[in-house]
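Shared between the two complexes below is chain A, which has chain B as its partner in the first and chain C in the second.
So, the complex of A and B:
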């Protein structure tokens, strides 16, 4: 991009107004994108390079690092814990994405139209989104606490369970509670994205389909959904990428428990790097996760690629 | 879809005291209108007059606050748009962008579970009429504005409706295309013979297409009549001023007695005795009926402000002695210079007189 800028700048067309200086305009443009470029370089490109570099070393937290080539990558291929964490992460991603869409789509359909209190509903559904993931996890960790929390004691008080149940003692209860928390916290965001997609469909099209005799379900499947491909792709990629990187909720609420069944990929990277202090190995795991995430995103974009004119 | 098999294609549309309000704002004030089967009716009026709302109410896209709508003798006031036997062409064409032209045409039929062979036949027939056979596999995004409009009309034809509804269908086309599509729509009406209701703010479209023009203002009908009637025999000042371009001149006048009117210093004899009491009135005359020339009795004295040359004709913008502006059409003779005095003569049969409140004096 930079070379393109330079070539157009250095060859001004003689037919143009000589007083106009394209070189300066390009420079000003570059100046405007410079802060963003700087941030991307400082906080993405450089750390990425450092991670790649670290992944080729035996890099303890203290002491000297030594170059071991692809040693870390060879080790992680045989690391059963990492791959089971990866499997769990994929499972979590699929489930949470399906549930988020199942909740967010009806909400989007509900708040999209102008109706009394639409702004109010949009706000309250979106509100949990502005809570940090860490704080939300802490809140739910308390709610799910067997002694001082809400769910366990409340279920007992209401007589639904005979004795007090510890939600965090079984995989299913823990898993679905975390899903509930994440859906509560993020579906408002997905709702807003889907809502903008819905609003982008001209009302004329719906009216034409109504005159053509389409019922409400037909309107949704034959007109609305196909025209929301782009929006759905965006919401899906954001949701999948976010879920693949899940960490806070499982770390804060369940500490990976019960019996390490809710260890996610990032959790395992964190353990390797900052509990076992194998920084080089953690870096290698991160690189692998990045590649997997990239692959998934490319596949999604290909599947949801839109046809011309939509 | 029993409607499709009925032999009656020329359905009457009847509006009985139809009313529409959005909240506390009334946009249509109790309209009565009968559209005869097979008629091409055009709703015209300035923006905000309720013409589109009225059309959408006939289509069933807008709820009716009060009154009844009958199509083909059947009360459809509360019916679904799809069950009214109408087809609508939108200003924006409203083609489904993710479907090919063929699928756009066939969408309604497929929804109604029409047998594939019949879908094929009807789509083929519509494509034939509109000469869009070669476009069937394309998507709307690959079509020009005129082609999209044809597809939109094709989608309406395929439904074999009792009545066609057009909501400003030509406004998004450029001037040249608009003329050719206008002629095509007239041809279509001649071929199909259906009832057609057409909304426009373009009076040339209204004049050329309509069997009957409905002039609307502020949710009320000002006049219903043939193009000739609304142009030559307007019921009130609004219709007289709205139909025709450049618009009719209105001058303050005084009815001296039943046979004479005084306008801008001139005393003009009327064609027929007027049944109104002497007093202040409005005198209306179209630019083409004002004949610029030399001083002569029965002509209004004015001064030329400027002259517009249009090739086939010239328009003189003049100011009368009382300071009112009048436009006169000049077809022959020498050009007038700005500032030059001019006398504007007129035939008594072309004068239109209106009460101060706007209604026509006959």
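So, the complex of A and C:
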């Protein structure tokens, strides 16, 4: 949907080399991009249109679908469980993004400059990023397990808890363990993005400020932060968009539990479409998620663009 | 040596110790979960059922946990084969498609060129999680549901915005004169692309290939939905089924050996080709 509005068709300029027949050369260019276009149309444009279309239907897996207008959207407004999944997703997104930045920013400052072992530290902090969310979740699901895992038994052996606690039976323990897992797995990514922003700041600018007597905190808030606005915006959008779409970790580690308190928006769409097979309803939920995500991206870009100084 | 020099040197030394103490401490935190999982996978199955304190095998190291993996589903080799097929298929098709598209967008003029380029790049704004339901129906209609090839096509499409952007930039960086010289010598478009251009844009190809491999090897949700036939499970789906007790009592030692099998190719690939990987990351950041 964004694609139709954002395209700005510029009229094709005449071919560079007039000696070649323009018609044929144009055709060759189109042929080169044809496979990519075919894939995007078949597996992106058509499904996107279908999502909108299906959301207006009662669409079971088998049997005929029937047009019900905005029926799915009305049902969705009254669906308390969807909105609590949405609220949980937002809560998770805010918390995880704050913690990721709190960890990644100091690390970016730490590894930014060319100093002994800086490259080594970068590599190590980044390692969990290349491990899949599936593998990482299965790893932490075990660490969080009450019988064979690490956290519960270790807390007990250290004498911090009297009995062995089952992390997965409490919302807070589950939630914060998942946060720890995601921060462990993704901080390295945010760190590298922020690091490229830091390295883009001209050194003479910082030198000049230092000579003028700027203190370290002043240097950071007056020079570093404003000049990193674009990078911070990018890292924020990537973190927020990624977290809003969280699924793997909550599905694998907690199965949405305890008592369905960690069901995310995507998890709820997955349940509607592929567990209860209400595909039209799932499509309506998808449309809502889609609109929210696009809105978040636009708002974030706006805020970070207008506030020059931060 | 003057006293001031000595003081300065001592201060530098203390700074160094503090910095590397911090650096190493954080490094340990990042490495610990990986190490814990890999070490536990070598414990005897009975020992692996107990809390992993300490993580290394106390009772002698074995490969028993890896042997057990063969009892799940169609056996670990079949499922590793599925994952490898999907990952390599995604790599090969992504490279071919984005090489062609990158060349086309960089070197040719045709109607709606910018529109089509923006269309491909903008698809990254729409999360694929929101178009899963119709994708499922389209794959079923094309008889590609439960087919590794169908999954490959979806993964290639997910990678396309990144791959096409990457390859177009790679071609843009090659001076036109090189190609025109070859063309004057009478070489065909194909020959120029394969013999002259490909070596010049090869770093871009490697970057596209790494991202295609890691993302398809690790992808979870689409594989979970589209591969309902147990024989077609990729590794993350198989191991999640094991962890949910689908194959009997949950064997955490075996699961950690499965996690190790899934993690090692990613870690090795990253450590070997880190330069190309980070190039891909920063390409997005600088944009």
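Following the convention adopted for this analysis, the second predicted complex is superposed on the first by the 262 of 310 C-alpha atoms of A that agree within 3 Å, B and C clash if a C-alpha of one lies under 4 Å from a C-alpha of the other, contacts with A are read in each partner's own complex, and residues count from 1 in each chain.
Keep this in mind: a residue touches a chain if its C-beta (ideal position, glycine included) is under 8 Å from a C-beta of that chain, and two chains touch if they have at least 3 such contacts.
What you are looking at is a predicted structure, and each value in this text was computed from that prediction instead of being measured.
By the touch criterion defined above, A:43 lies against chain C but remains apart from chain B after alignment on the C-alpha atoms of chain A.
In the overlay built on the shared chain, the residue A:144 is in contact with neither chain B nor chain C. In the superposition on chain A, A:104 contacts neither chain B nor chain C.
Of the two partner chains placed around the shared chain by superposition, neither chain B nor chain C is touched by A:183. Using the contact criterion defined above for the overlaid structures, shared-chain residue A:204 touches chain B, although it does not reach chain C.
A simple residue count on chain A separates chain B from chain C, and the partner touching more is C. Of the two partner chains, chain B is the only one touched by A:227; chain C is not.
Listed in rising order, the residues of chain B touching chain A in the complex are 59-61, 80-82, 86-88, 90-92, 94-98, 107-108, 111-112, 139-142, 155, 159. Interface of chain A with chain B (complex): residues 202, 204-205, 207-214, 218, 222-223, 226-227, 307-310.
Per the touch definition, chain C reaches chain A in the complex via residues 19-20, 22-23, 26-27, 29-31, 33-34, 36-37, 48-53, 96-98, 100-101, 103-105, 107-116, 118-120, 122-123, 125-127, 129-138, 153-154, 156-157, 160, 164, 189, 214, 217-221, 225, 236, 239-240, 243-244, 252, 255-256, 258-259, 262-263, 266-267, 269-271, 274, 277-278, 281-282, 284-286. Across the interface of their complex, chain C is touched by residues 1-3, 6-10, 12-16, 25-33, 35-37, 39-40, 42-48, 50-51, 54, 107, 110, 115, 117, 120-121, 123-128, 130-136, 138-143, 145, 147-150, 152-154, 157, 184, 188-189, 192-193, 196-197, 200, 231, 234, 241, 245, 247-248, 251-252, 255, 266, 269-270, 273-274, 279, 282-283, 286-287, 289-290, 293-294, 297 of chain A.
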